[in-house]
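By letter and in written order, the chains are A, B, C, D, E and F; residue numbering begins at 1 in each of them.
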Amino acid sequence: MSPTEILATNILSPVVLAFGLGVAATLLRSDLEFPEPLYQSLSIYLLLAIGLKGGAALSVTPLGDVLVPAGVTLGLGLLTPLTAYAFLIAVLRMDRINAGALAAHYGSVSAVTFLAAVTFGEATGDVSEGFMPALVALLEVPAIVVGLLLARGAHARPGEGEGSGSWAAALHEVVTGKSIFLLVGGVALGWVAGKERMAPVDPFFVAGFQGALTLFLLEMGLVAARRLRDLREAGLLLVAFGTFVPFAHGVLGVWAGGLAGLSIGGAAVLGTMVASASYIAAPAAVRIALPEAKPSLYLTASLGITFPFNLILGIPVYFALARILGG
Amino acid sequence: MESKNAVLVTIVAERLLRDRLTEKIRALGAKGFTLTEVQGEGTRGVHAHEFQGPSVKIETLVRAEVADQIVEAISKYFEHHAVIVYLSEARVVRAKKFGS
Amino acid sequence: MESKNAVLVTIVAERLLRDRLTEKIRALGAKGFTLTEVQGEGTRGVHAHEFQGPSVKIETLVRAEVADQIVEAISKYFEHHAVIVYLSEARVVRAKKFGS
Amino acid sequence: MSPTEILATNILSPVVLAFGLGVAATLLRSDLEFPEPLYQSLSIYLLLAIGLKGGAALSVTPLGDVLVPAGVTLGLGLLTPLTAYAFLIAVLRMDRINAGALAAHYGSVSAVTFLAAVTFGEATGDVSEGFMPALVALLEVPAIVVGLLLARGAHARPGEGEGSGSWAAALHEVVTGKSIFLLVGGVALGWVAGKERMAPVDPFFVAGFQGALTLFLLEMGLVAARRLRDLREAGLLLVAFGTFVPFAHGVLGVWAGGLAGLSIGGAAVLGTMVASASYIAAPAAVRIALPEAKPSLYLTASLGITFPFNLILGIPVYFALARILGG
Amino acid sequence: MSPTEILATNILSPVVLAFGLGVAATLLRSDLEFPEPLYQSLSIYLLLAIGLKGGAALSVTPLGDVLVPAGVTLGLGLLTPLTAYAFLIAVLRMDRINAGALAAHYGSVSAVTFLAAVTFGEATGDVSEGFMPALVALLEVPAIVVGLLLARGAHARPGEGEGSGSWAAALHEVVTGKSIFLLVGGVALGWVAGKERMAPVDPFFVAGFQGALTLFLLEMGLVAARRLRDLREAGLLLVAFGTFVPFAHGVLGVWAGGLAGLSIGGAAVLGTMVASASYIAAPAAVRIALPEAKPSLYLTASLGITFPFNLILGIPVYFALARILGG
Amino acid sequence: MESKNAVLVTIVAERLLRDRLTEKIRALGAKGFTLTEVQGEGTRGVHAHEFQGPSVKIETLVRAEVADQIVEAISKYFEHHAVIVYLSEARVVRAKKFGS
């Protein structure tokens, strides 16, 4: 495939087009809106489904094949918050609270971006390892903790009105927050039940998945476009951060994935995971531990800048890169 | 039935404060509360519902002293959180039920 | 526009009372009502919403006499049902619309 | 098939039976009710799914095959509001505001009635052209505009409290209203992506479709039956209008569809489209542009009279007619 | 299969694991919660789907094959509330109002427990008769009525503030309550339409079913675990009642099912139905007819004790028993 | 904390007025509002939610003058739309936040 073909394959996929449709709806001031419970239900479905799929795959994968990729993923989860933090302090001269908050987001993962990458791989034939979803869980948690530590280190005084509880509460949220719980729980369930016992639920969780994801991206488009307003205030520096740092992380991830012995598709998906910024698990935990950090800052960056960047440009590039390094 | 005055305390807050606030008001002596999911806009403009779900409105009928303590307790969150609180007069029957 | 006083009657009740209560207040002369789905906690601790769906909050603007009759009528349910009622002052325009 | 067989095939289809079940629930005062978000979610799903299907079909249809049917559809969209309006003014002596409001509804389309017709065609073997959904979009918009013009012409003074905004707001609603946006957006998405790229989302949007439609018609039955109360006040004349005019439009549509070169199924479905009355897009736009028009009037007519009439009697008749004319 | 294998097959099924996951979420104080409309939508879907499946099966079953099982089911529906009532009065010395309330629950059926049993049978190869869902409807209604009679007999004075209306209202609720209406309505619809006409909706109602059930059991786990708190107050005697009586009913049901000529799977499923306690239809009716009965009592017993007991232990035991008696 | 009086303006309206009303109250000086989805019944009996979705209840805390202007502005919709508005007293802390 030529670069342009790769880009086309991505932009013309139902998933990306649905995102564009959602953006269009907001820009045209259409009264289209998803009822809140539909949004919540789709996230529950998608997160659980990823987990189940990953767990079922894990149940038929020799542990040996997973160990190295898992270790590498963990390492990236500890490293990338630091690089993001350093960039924000050094280049954007951001205060340490907000820098730590953003670091937690950029170290962590966006499940939907991950899914878009997996889907893209299936469309181009670069299928990724079945156990990748399990790695998402591995990448998500430590990064958030590191990010909070970076900010909290700068900030002995506990969050207002919450006493020392806030820090514990935040850790509790990181580990039991609904998105991580569904992901990890799904992996555990699928792994314990095993591929065969999961077969009867496949029509619901596997066959229906792509369509549900498309519907969800329509809503993501509606939400992300609302963030565009805030972009102006955010300023060019934040845009630079929201594109450059993820890109660097992505390249790093693809390269490390290759070293870890992942397939071309696997390396590209790992790259996408590392490049992506969380906008569910991280914001929830950060809002608890760092109430003084600006939500408009981290939500605009991860949802308004980095998510579309990876979805439209990043993913195909990480795959192209994985081919060059891998093939 | 003879009715007594009580104070209706209304709190609107971003969702993540929900459990902390309900525990707090119970601890301060509220005998119950009614919770409604709401959306809102204020001066802070935290669109928290994108990652937290809808905001919550908590209404509790209490006697005057308790009402003031609740306001006091909640003011701790004013600086950094999306939360407001206001009081209004209400007449209730079964005053005991509301601690009056 | 010149405004008049009316009484705002607020009822919070487990869902199964919904239709009985709305019919009742209409029968007593309420010209309309606004219904909100809520969750709640009280002294009874009936987690009715597990099998009934969410509780309901019924608000109706009426004139004083009607308000008292509504309270009277609802008090019949106090013993065995999850329900509360309280009154507050409101100023309305188009007083006729609310029977004042 | 004998006429009675055709009628039976229709009445015994899950879709029609589900509608009956919903009506029964209301009449028996069952406490069955659909949570509002489920109703909204199902409409979003159905409208988007129709669009995607039509778009995907369009992507493999030579433009030439669509042009004539499209032109005819457009023509019917401009003509039928006028016939409805004339009937209301002449026969029902209705004021022009309410007549225009109703005209907008009866010129426009009911997506669910359209779907019931397509389903019926599949059951009887008279499959309709894949691009029919694209025609729904074509028929929906102009009819509403014409209807509003008919009323507004009679009524220089802008809608209260909205200044001249109201007219613009109404046009904006007509074009960007959620139902039309989802339909048109779906067609565009499916057409741009193309049949092949849409394949992965088919299990969700195509395989699940009939069941979701059945569930939706159960809710439609609940809603429509609530309108039956209002029928008394509405009076016989409105019932006459709500059955006779749609029927006339249906016959016209079947005949025009045949001339346009549509298959038997296609002509029958076009007839159903023309015969159907909108109860989502039109009411929303009319309520904005003509707040002084009586909603109970146009909702009772389209939802309480015409929808059941077409669903139960109209559709099989339009198909029978299409066979006679077409075969 | 050895007993341990049977137990394992059950505990390792996605359905039971999902329930466990839900319990875990509550115990870990995760903020995972299902939006109310999702819970309601899933129940509507599941109840309607069971009904449709049963009705479609009924349409191809000679009436003769159903009559005897139906009669036996009806008999069990009249008998089991009496045994439950007797046990509560004699052993727990419970007042007659609350005893009657509980009797209504334990005579009636839990649709989800029924489904778990059917699923288990499919996993172990002991498939049950297709018309079993129709029997669920038969078992549900009379039991509730008997339970209410037992309590009301003790209690001439009508429910407060409802006048004699309450008794009528309760009967009305029993017959038109949403869960029963969807079940019976689904059976009727599937039966009238017939297996063949139902085919197009199968992907939605049949293929997707197992997955939706799994999702629902996750929510059931969340809800049931919240009841565990109340267990302490409930006391050991209630736990004894909530396990012993269902077990006895289950054994009775399996045995009677065998006599009625049901297959091994059918007898085991009938046993599970009889053993299960309703927590939707019964509570709703009881709350109306017996407002003075303690909801915490009957909800804790049926949802917090008996549901998990049957789901985890009961079902495999009833199947093992059916094999011994049947083979 | 010392508290001040503010006026709580409550508007219940069919959904299609939502954005027009929120823009209006912002324009008139409201610093924020809380929005709740409700169902309702009144004298008009427009069951608008069938094609518009649920009605909306908009609550805004403002100072007296603003409250009157809001009522004035909304009265424009009385003739043809399903909408009501009423005022009640409330005590707030951080009076500035609400323009008092």
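FYI, a contact is a pair of C-beta atoms (placed from the backbone, for glycine too) under 8 Å apart; a residue touches a chain by one contact, two chains touch by 3 or more.
From a predicted model like this one, the values you see are computed outputs, not experimental measurements.
Q: Starting at subunit B, what is the smallest number of hops through touching chains needed to reach subunit E?
A: 2
Q: Check the residue numbers that subunit C and subunit F use where they touch, and answer same if over half are used by both copies, otherwise different.
A: Different residues, largely: of all residue numbers at this interface, under half are found in both copies.
Q: Hey, which chain ends up farthest from subunit A, C-alpha centres compared?
A: Of all chains, C has its centre farthest from that of subunit A.
Q: In whole angstrom, how far does the Cα centroid of subunit D sit from the Cα centroid of subunit F?
A: Taking the mean C-alpha position of each chain, the two centres sit 35 Å apart.
Q: Per the centroid of Cα atoms for each chain, what is the distance between subunit A and subunit D, given in Å?
A: So the centre of subunit A lies 41 Å away from the centre of subunit D.
Q: Can you compute the centre-to-centre distance for subunit B and subunit F, using the mean CA position of each chain? Integer Å is fine.
A: Subunit B and subunit F have C-alpha centres separated by 20 Å.
Q: Which positions in subunit C touch two or more other chains at once?
A: Within subunit C, the residues that touch at least two other chains are 36-37, 88-89.
Q: So which stretches of subunit D touch two or more other chains?
A: 35-37, 40-41, 203, 207-208, 284
Q: What are the touching chain pairs in this one?
A: A-B, A-D, A-E, B-C, B-F, C-E, C-F, D-E, D-F
Q: Quick check on the complex: what are the subunit C residues that touch subunit F?
A: So the residues of subunit C touching subunit F come out as 1, 3, 6, 8, 22, 31-36, 61, 88-94, 97.
Q: Enumerate the contact residues on subunit B facing subunit A in the complex.
A: These residues of subunit B touch subunit A: 14, 16, 20, 37, 45-54, 76-77, 79-81.
Q: Tell me, which parts of subunit E touch subunit D in their complex?
A: Interface residues on the subunit E side: 35-37, 40-41, 44-45, 48, 52, 172-173, 176-178, 181-182, 185, 188-189, 192-194, 197-198, 200-205, 207-208, 284.
Q: Show me the residue ranges of subunit C that touch subunit B in the complex, using the header's touch definition.
A: That would be residues 10, 12, 36-43, 55, 57, 71-72, 75, 78, 84-89 of subunit C.
Q: What part of subunit A is in contact with subunit B in the complex they form?
A: Checking each residue of subunit A against subunit B gives 36, 40, 159-162, 223, 226, 279-280, 283-284, 287-288, 291-292, 295-296, 299, 303.
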